[in-house]
Structures are given as structure tokens and as C-alpha cells.
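Two complexes follow with chain A in common, the first pairing it with chain B and the second with chain C.
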Partner chain A sequence: MATVLIVEDEQNQRLLYKEELKLEGYETVTAADGKEALEKVQEQLPDIIIMDINMPRMDGIETMGKILSKNRKIPIIINTAYSNYRSNFMSWAADAYVVKSSDLTELKNKIKELLAKVS
Partner chain B sequence: MNNDPSTFNPKTTIDKLRNILTEYKGRPLDEDLSGMIENVCLGIKNDFTKGDDEIEGTLKNDELSEESKDILERRKRGRRKNDNIIYAIGVGLSLVDRDSKIIWANKIICDWMDFNDSPVGNYCHDFYHCVDVEGGICPYSELFKGEKGHIIEAWITGNSGKRMRIQHIATPIANENGNIESVLLVTIDVTDREKFVQRLLLLQQLGKVMQGTLHLDKLLHLILTCVTAGYAFGFNRAMLFLVNREQNALYGKLAVGPSSPEEASHIWQEMSKKYSSLKNILEELDYSHNIDTPLNTMLKLMVYPLTDRKEIVAACVEEKKTIIIRDADNDPRVTKEFKNILNANEFVCVPLMAKKEPKGVIVADNVFTKEPITDDLVNILTMFANQAASALENVETYKRLEDKMDQLTRTQQKLIRSEKLVSIGTMAAYVAHEIRNPLVTIGGFAKSLSRFKFEDSRIKTNIGIVVEEVKRLEKILNNFTDLGKSHIPEKSSVQICEIIESTCTLMENFFQEKRINLYKEFGPEIPRIMVDPVQIKQVFLNIIMNAIESMPNGGDITVKIRTVNEIIQIDIIDTGKGMSQDALQKIFYPFFTTKSKGTGVGLAVSLKIIEDNGGNIDVKSESGKGTAMTLSLPIN
Partner chain C sequence: MEESTLKSRRSGERILTMILAGGQGERLYPLTMDRAKPAVPFGGIYRIIDFALSNCLNSGLRKIIVLTQYKSYSLDRHIRLGWNIFNSELDEYIDLIPPQQRVSEQWYLGTADAVYQNIYIIEKEQPETVLILGGDHIYKMDYRNMAQFHHEKEADVTIPCMEVPLDEAGRYGIMEIDEDSRIIGFSEKPSNPKPMPNNPSTALASMGIYLFNTTTLVRAVIYDAKQNTAHDFGKNIIPDMIQEKKVYAYPFVDENNSSVNYWRDIGTLDAYWEANLDLVQISPIFNLYDKDWPIRTHQEQNPPAKTVFHEDTPGGRTGMVLDSIVSGGCIISGAKIERSILSPDVRVDAHTEIYDSIIMESVRIGKNVEIRKAIIDKSVDIPDGMSIGYNHREDSKHFTITEKGIVVVRKEMHLK
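Right, the complex of A and B next:
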């Protein structure tokens, strides 16, 4: 069973993602900011990461950079409320860019698609 | 003693007088000069009195002897000869006695004063119309106060109708005891000198007035009025052409002057009543006056390419030289067409030169009075033209400055609006983000709830409502974040008609549902242009959507596409509710809306997109009748 690391500073959203992804049959790990995410990546070695951008302590872009410098294999989906980070070239390093929506269908599809590519 | 009065030699005396007066012209009368005139006048006086004494002596005999008859006859002849000579020198002369009655006057002064009968026996003030004399000083009475040779000037109209400036000089004639017996009044025509002075004065005054005139029409009028003003240059008609460098042609701009001899005499009569001096003309110059004359209308239709050297006005500009035409009928420099339009045989073309650059041409003639155009006049006119040209240049510079200012103001306004848009956008993006996160959570959980089974069906319905409303909010947020985004158009070659077609196809269902008739009027050969097709389509969608929403009970939408002067113009006209003028002012402001469910972003974004693509949007609307949106996109 694939493990999804959810990096999201808003507690309720973390909870929503956790429940929804569990229902899809994934193991979930959560982190509230970039620093925590780096630790979780080391500890758990997730199969895929869902990364928010605007977070305290360390933002998603910086975190992604650090993760990629150690492990290029884990696919990362940027999940943000802003659509304009799409033009930030750092975000091009991510495997997918999904604008946050109450409808999680797009996000779920992307996870499935990327995991299928890796395996 | 010489009995023949003709050998008294009045000619020498008169020649002397003539020489003195010629020398005197324009110079102040000093002691020497008045003394000289006095001497000459004494000579004239002697001429007249001597002969008379002689005749009187002869007449003392009761019978008229043959000898005395002969003397009388010779005397008469001598008198006539005298009169002729005095007439020839062109000076008005009269003798006035101590009772201010005229003893004698020559023909010239009678002509000038418009006096047909002999003035002898009249009071001098009746003869000289002293009321018209400037300053009201009588040279005659001044003399008796001891003021010698006082000069006064006046404007008169002679019996030939010629308006002239005259000068009176009074010289006392004393008897042996030194008492003043009579006064000789010498009157000279100083019209030419006066005209010359007036012209110089005019140049100086005009220089000042013209340099301060920044309105082109006013300046042109001012220039031509001066060329035609009676006291200045006094041309019958004047026409002005201006160089248009872009078209490389000369355009007729303004003509001043009568179109017919009848009109001419009418205007000049008016003028002489109305204006007494140049200052008056300048002060009372009515710029709207005389614009609709046939001459002016005709002139405005005249255009000559500068390359066409056969046309005299074009040649005048290209050669930068004044051209005087004395005989247009037989002068190869004048084309038949130009001659026909002008209808004058003698005329002058003066280039308007500003810093060696020709700005235009003044053409002036004396078609009605046929007065010859003198070289002197042309020289002064050329000087005047240079001043006029530099004033014209001032106007041009000012106009350019004004245009630049306008442009700057427009750009500034545009900048302010787009800055407003960006700052609103930045704020909107921030708010959108802050709201979007909790919305995602609310909507997400509501959706996950809908998977559960509830006994009460209302729960499911209500959850459905939460989910739908969250979706709507999210959609609005998407619009908000659009405002802040920079729109860098990704331009490609686009056929606008095709974009409209595909937009309309997309909206076909709406049209049917809302019972809207769509009419399309596409002009022929609409060229392809470089714009961002996605953005333009979004604009069409926005505007057509607005049109549909303004017609809840159905109506017509007309889409017109045509090319107008290097611009593609797209009109989208509806028969909907329309807008008040107040609303019309604000529709492009972000967050302004007249719709109950609108966000007020659509048109603000649309305008920004069209401006980013180099175009503009114009709106006309009438409450209750409908709205017409006009989009213009440049072809290049």
C-alpha cells in the first residue's frame, strides 16, 4: 500500500486530506510545515508527497528543493490556493501542480497517475 | 522794370518751395526750415501783389488803353501759367487774411478739400473742416499767438474718393512794418510717409501680438487682416497657404477680402467707419468674421503638391523666394488654372520663412483697385511674412506640446487604472487565498459527508446545497485572482470573425434558452491580426454574456465586424436594459456591477485584455433601449 505524505499547515485541511486519501486506500503521513516534512521524509520514505506552498518556518518551494537534492525519486504534487506559482520556475521541478479545490477529484487522479508511472 | 509777369519767374520760387518741401518730408520743422519757407512764400506773395499793383495803376485811367488791355491779357496768361505750375508741384496753398477769410487758394487744395466753387471769401475753418483736425489746434490762430509754423495733420477724403493724410504748415506774411498781414497755409500730402510709418509700426505691434497668439485660426486671421488692412499694407485680398509636410503639399487655409467689387466697396466703407487706427483693428478683430466668403470657401479646396513646381505657390515655397507677377496672362510661371481662380493680373507670392524653413505662402493682390504693387511694399511684406512665420512656428510648437501633454495625461490615467487594478488584484489574491483554504475544508468535508447514508433525506439535500455554494464561491475567487495576474498576451495571427463565430457557437444554448436572436454582419476582407486568441475569446464571452444577462425576456444581439482606418472595429449591440449615464462612467472599474449576481470583474478584465492587445473599448448605452460595446483592435 502506497504511503502519501501530506504537507499542509492548516490542521482541518490535513484532516480532510487524510480521511479522503484513507478512503482511497492510501497510508497517510502528515507534516504541518517544511521542517517537519523533511524529518518525515527521512523517517517514513513516502511514495508520494502533496506539498502546500505557503507555510510557516519553511515554505513548500524551499522544502521541495531540499527533498529533491536528497531524493529525486519521490514524486511531488504542489497543492496551493494560488494559481500564479505555476509561473514560478521552481515549481516546474514538481511533478504536478494542482490548485486547491473542495473537489479533490483532480488531486486524487494526479496521485494515481504519478504512482502508476513510478511503479 | 519788366512788364511781363511771366518773367517774374514764379517757377524758380515754386521750385525752391518744392525742393524744401521734398527735403522736409518726414523731418521736424526747425527754425531754418520755417525761415526758408517764409522767404519763398514772400516771393510768391510778391508775385501776386506786384502784378495787381501794376494793373491797378493802369486801371486808374478811366479808359482802358490798348497797352493796359494787353498787360491785362498777359497777366491773365501769366496767372494761368502760375496756377498750372503750382498745381504741378502737388502742394495745396492758400492765403488767409487777418479776418480768417480766404484770399486765394490753388486748385489742389480745393480738390483735396472737395470744394468745387472758388473758396475765396469763405472762412478758413469752413474750408478746412477744422473739426476733423487732430488735437483741435488751429495753425492759423497759433501764429497770431506767436507760435511759428505750427504743423498739424489730418485724415481727409478728397473729391476723387482717395483717402489721404495731409499736413498743414502755416507761415506768416508780414508787411513792411513787421505786422502780420496774411497767413500762407501750405498743405502737403504725407499719405505715403504715413503709410510707411504705419507699416513699420504695424510690423512692430504685430510682432508682439503674433508672438503671443497660440491659436492657429486666430493667428492666420490676424496675419491676413494685417495684409489687407487699409492703413497697413492695404492689399485688396490676401490668401494664405500652409505647408503640410506629411502630405508634402500646400493647403489653402484662409482668405481675407471681398469676393466682388460691390462687396469690396461695402467692406471698405464699413472699415473706414469702424476703425480709425491700426490699434483699433487689432483690438476689434473679429476672428469669426468673413469666414464664409466665396473666396475663402474656394481657397480651402485648393491643394498643391510641393513637387509640382509649375504651380507658382509651390515654386514659391520650394525656391523660398518672393515672386511678383506683373502680368499673369503672359507669364509662364502662372498656370491657367491658378490664373482663373485668382482672376488677378498682378499679384505677389511671399513665402512664410521660419528659420530657413518655409511654413507656407501669402498671396496678395489688388484685384479691385488695380493699384500697382510697389517693390517697397513687397519688401515690407516679406519682412512681415518672416515674423508671421515665426509666430506660426510658435503655434506649431505649442500644439505639439499640448498634444504631448494630452498623451501624457492619458497615459497617466491608464497607469493609475492599471495600478489600481494590480493593487486590487494583489489584495484580491491575498483574500482569495485566505478564503480558499477554509472553503476547501468546508466543501471537502461536506462532500465526504454526502457519502454517508442518512435517514432524513433533507440532510442529503442540505449537504448538496453546501457543496454547490462552496463551488460557486470558488468560482468567484478564480475570477478575483485573474485581476492580479499579469496578462502577457501570447499573440498569434488571428481571424477575428472566426473567434466570434466559435464564441457564438459556444453560447448557442444560452441564445435558445433566453430566446435571443443573433445577427451577424461581417464586413468584407477582414484582415488577420496579431492578438492573443484565448484572451480575446474571453473578452467576447464576457461581453456577450453581459448582453444576454441584460435581456432576461429575450431580445436581439447584433455583432458587426468591419475595418475602419487600419482598425478592426467590433460592435456588439443588444436590445437589453441598458445603463444609466452614471453607471456607464463606472463599468470598467473593478468590482462595479449592475447585476445582482455579478462580481464586477468581467469588464475590468476585458478592458485590460483589449488594452494589452493594443486596442480600446467604447460603450454607448441608453436606459431601457440597450447597450452597444465597440471594441477596436489595430491591424498592425
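Right, the complex of A and C next:
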């Protein structure tokens, strides 16, 4: 079963994603900020990453760059409440950009789509 | 005419120039022992990068990023002292940027990776186009004309090109174009280069300069960053994009206005020696003296060059300089210099003879020395009676000797 790394500083959101993705049949790993995400990528080698942008210690854009420089193959979905990070050129390095919504359908579809592409 | 000039000036304002100055320059060793290749002295008073930078200045491009990496101190210092002429209040700048580990934890893996790691600079500037230059080419080019061509063709990328002899074509990126100058084939350093259809003894070579629409560039370097490639514009980015993107070849127009186009890639010590010696021909193709295309540099204050002694007696000393470039602060004291280039503050003593050589700053050359086909790097003291370039077996014990037999003496070498 595919493992999803959820990088999200807001605890309730993290729990919500974890539960929802478990129901979809995924294994989940969580990280509360970019620095923790880097550790988790190394330890757990997830199949896909959901990445918030605004986080303490290290933001999602910088984290994504660092992950890409070590492991180019793991797909990354940017998941932020703001659509204007699209104008940040580095955000184009993500495999998908999904604006946060109470409805997780789009996010779940993207995960499925990207995992299918990799395998 | 005036209107088109104005238009191209305006387009110049939206061009960000990135100069790739991070290469190790191993093939120029030992000249690159202490300095990055773009900082290697050239033509007496210049550094190699001065030519690309002068092109920018003469083309009205005043937003310049120099991406450095290896041994950048000397380059950094040269730019700081010689090129600190941009006005930040007019939003002009020349910034030197070493790898910052901002998006990656590695050094620059290749030319494309150097741009990728500096994407945030492009984003901050939001230019219409980005001009990518190497810091190691000698040529004169008005980039505004290329920018105009780029806009007229509605190109995604424009690459200046020139014809080169077919037997040298394997050293370059060789392109095939259609009748509209759109590039339909591109291979970097091919073993079997394709000749030009109308002139089979030549091939069309990329000059290693790229004008990109900003979004095309950003998407290309991001895509490349995720691939396992050499991360190189010539090897990866351009060949990968000619199918889907509009990549055009711009025929190089040399601002030297001579019958032959002058563009030299200073890739090897032999190429370096030859390009320097080009300058001492009677009317060199590459003209340093054109007031309409000044080449800027940094140089320290030096007294004028002089020659001394004119003794007519047999065995007398005569200071004599023929077909040569002599920089400020040099004293030719009873010595003979022919077809050579002397950087500032060189002293040459009596009965010494120097032919076809490049002598760099603050070199001291004693009496009765003979030097032929040599490059003497900075601050070397050559003792009385020494011979360089006449006996390669002897020379090879201490010095580097190139394929074509040029002897290279490294910086600050102790010979006494």
C-alpha cells in the first residue's frame, strides 16, 4: 500500500487528512513542519507528499527544493489555503497545486492520479 | 530607424542577464589554479569576463547576475573594483551570487542547475526574457538586435549561431535549421556533425548564448532538475525542447564590422594563447580600439610603459618592442619583445628576447633570458640566463606544455 507523507503544521488538519487517507487505504506519515518532513522523507521514503506552504521552521517551498535535490522521484502536491503562491516560480516544481478546501475530493483524486503515473 | 532603436532599447529594460561563471576551467590549468576561468587575464589589461560584460553594457543591459562557484575570489574582486558602475537608484545592478543552498543542498551540477538554483532571482525581477551567457567567450555582440529578432519571430528561445569549419564542428553545439531559421536539430559536440546544406565544408554552431522567454526557461530548468541528466543547456535543455518550443537560430552579427566574424571560446590553453596573439596582428579582427564599442575593465593606476637604452655599439643594449601590446607600468630595459602581450608592471632586463608570448602582471624577467611561445602567469621571477620554450624536454620538468607546444609557467612560481 502506498505511503502518503502529510506535511501540515495545523494539528487538526493533520489528523483530518490522516483519517481521510486511511479510509482511502493509504499508509500515512505526518510531519508538522519542513524540517520534520525532511527527516521523515529519509526515514520512511514515502510514495507521495502533501505539502503545506506556510509552516514554522521551514516552509513548504524550501522543503520541496531540498527534497527534490535528494530524491527527484517522489511526487509532491502543494496544498495551501492560498492560490497566489502559484506566482512563486518554485511552486511550479510541484507535481500538483491544490488549494485547501473542506472537500478533499480534488486532493484525493490528485493523489490517485500521480501515484498511477509513477507506477 | 530611430523608432526601432527606441523599441529595442525598451525591450532591453526587460531582459535579465545571467552570466554563468561557475565552471572549473580545468583545461586552462594552471591559469585557473587560483582563479575562475572568467577571471583569467586576457589581452594585457582585461579579464575574460570583461568582454561579455562590455557587450551587456554596450547593449544597454544593466541587470546582470553573475553566478560564481569555484575560486571566485579573484573574479569577485575584479567585478567589485571594475564594474561597480551600475546605479541602483535606476534599478541597475551587477550581483555576484555563489551557490546559496537555497533550493538544493548541492553545488551547481551544471549550467541549467545553476539557473534552477537561482529561480527566485528571476521571480523577483519578473523579466520578459532572460539572457544566459557564458563568462568565457571573446566576441562583440549587440544583444538588442537579437532580442528584436526574438520578438519578431515570436520565439520561445533564440540562440545565436555562426558557421564553423566542419572539421572543428565537433567542439560545438551543432544545429540544423529550416528556411525560417527555426532550429529543427541540435546536438552538443557531435562526432558526426551535419554540414550546412548550402556549404558542406561548414556547420552551424551554437555560440552558447541563450535568450529565453522567462516562463519557458523556468519550466525547462524545473523539469530538468527532476531528471537524471547532466543539467546542461547544450546537452539537455535545448535538444529536449526543439520539438515543442519555438527555438530559433539568430545569425551572429559581429560589431567588429570586419569581413570575418570573431567569436572565440577560450576552452583550452592553446585557444587562449591564439586568441591573445590575435590581438597583435597589424589590423586585428577583434578591435580593442573602437570607441563605439569600448571594452571596460578594472586596472590599477600605473605609470606609462617605457623602453630604455639605445646603444649602437656592438653588443650594446637596446630596448625594443615590435608588434606587441605593452600595458602600463612596464619597463623594457635593453630587451627585445616581439609579437607578445605584456600585462601591467612587467620588467624585462638587458639582452633578453621574448617572442610570441603572454607575460602577465608583475612578472620580473632577468638578463640574457630567452622566451618563446610561452605564457608566464602573474608575479613570476625569471632568473638571469633562463631559457623557456626552446627545449621542451627541459621545460616539461617544471612547466605545463600544451598540445601545440606552448609552455605555461604557473603563477608565483619560484625559479631561483
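Assorted remarks:
Keep in mind that, in the parts below, the second predicted complex is superposed on the first by the 119 of 119 C-alpha atoms of A that agree within 3 Å, B and C clash if a C-alpha of one lies under 4 Å from a C-alpha of the other, contacts with A are read in each partner's own complex, and residues count from 1 in each chain.
As a convention for this text, a residue touches a chain if its C-beta (ideal position, glycine included) is under 8 Å from a C-beta of that chain, and two chains touch if they have at least 3 such contacts.
Bear in mind that the values here come from a model prediction, so they are computed numbers and not experimental data.
Once the two complexes are overlaid through chain A, chain B and chain C fit side by side, free of any clash as defined at the top of the document.
In the superposed pair of complexes, A:W92 makes contact with chain C only, with no contact to chain B. Once the two complexes are laid over each other on the shared chain, residue contacts for A:E62 go to chain C alone; chain B is not touched.
Shared-chain residue A:S119: touches no atom of chain B or chain C. Annotation: apex chain A, arms to chain B and chain C, angle 70° (C-alpha centres, rounded to a multiple of 10). Set side by side, chain B and chain C differ in how many residues of chain A they touch, and the one touching more is B.
Minimum Cα-Cα distance between chain B and chain C in the superposed model: 13 Å.
For chain A in complex with chain C, the residues that touch the partner chain are 62, 65-66, 68-70, 72, 87-90, 92-93.
Per the touch definition, chain B reaches chain A in the complex via residues 429, 432-433, 436-448, 451, 467, 470-471, 474, 478, 481, 484-485.
Residues of chain C touching chain A in their complex: 102-106, 119-120, 122-123, 218-219, 222, 225-228. Put simply, chain A touches chain B in their complex at residues 10, 12-13, 16-17, 19-20, 23, 54, 81-84, 100-104.
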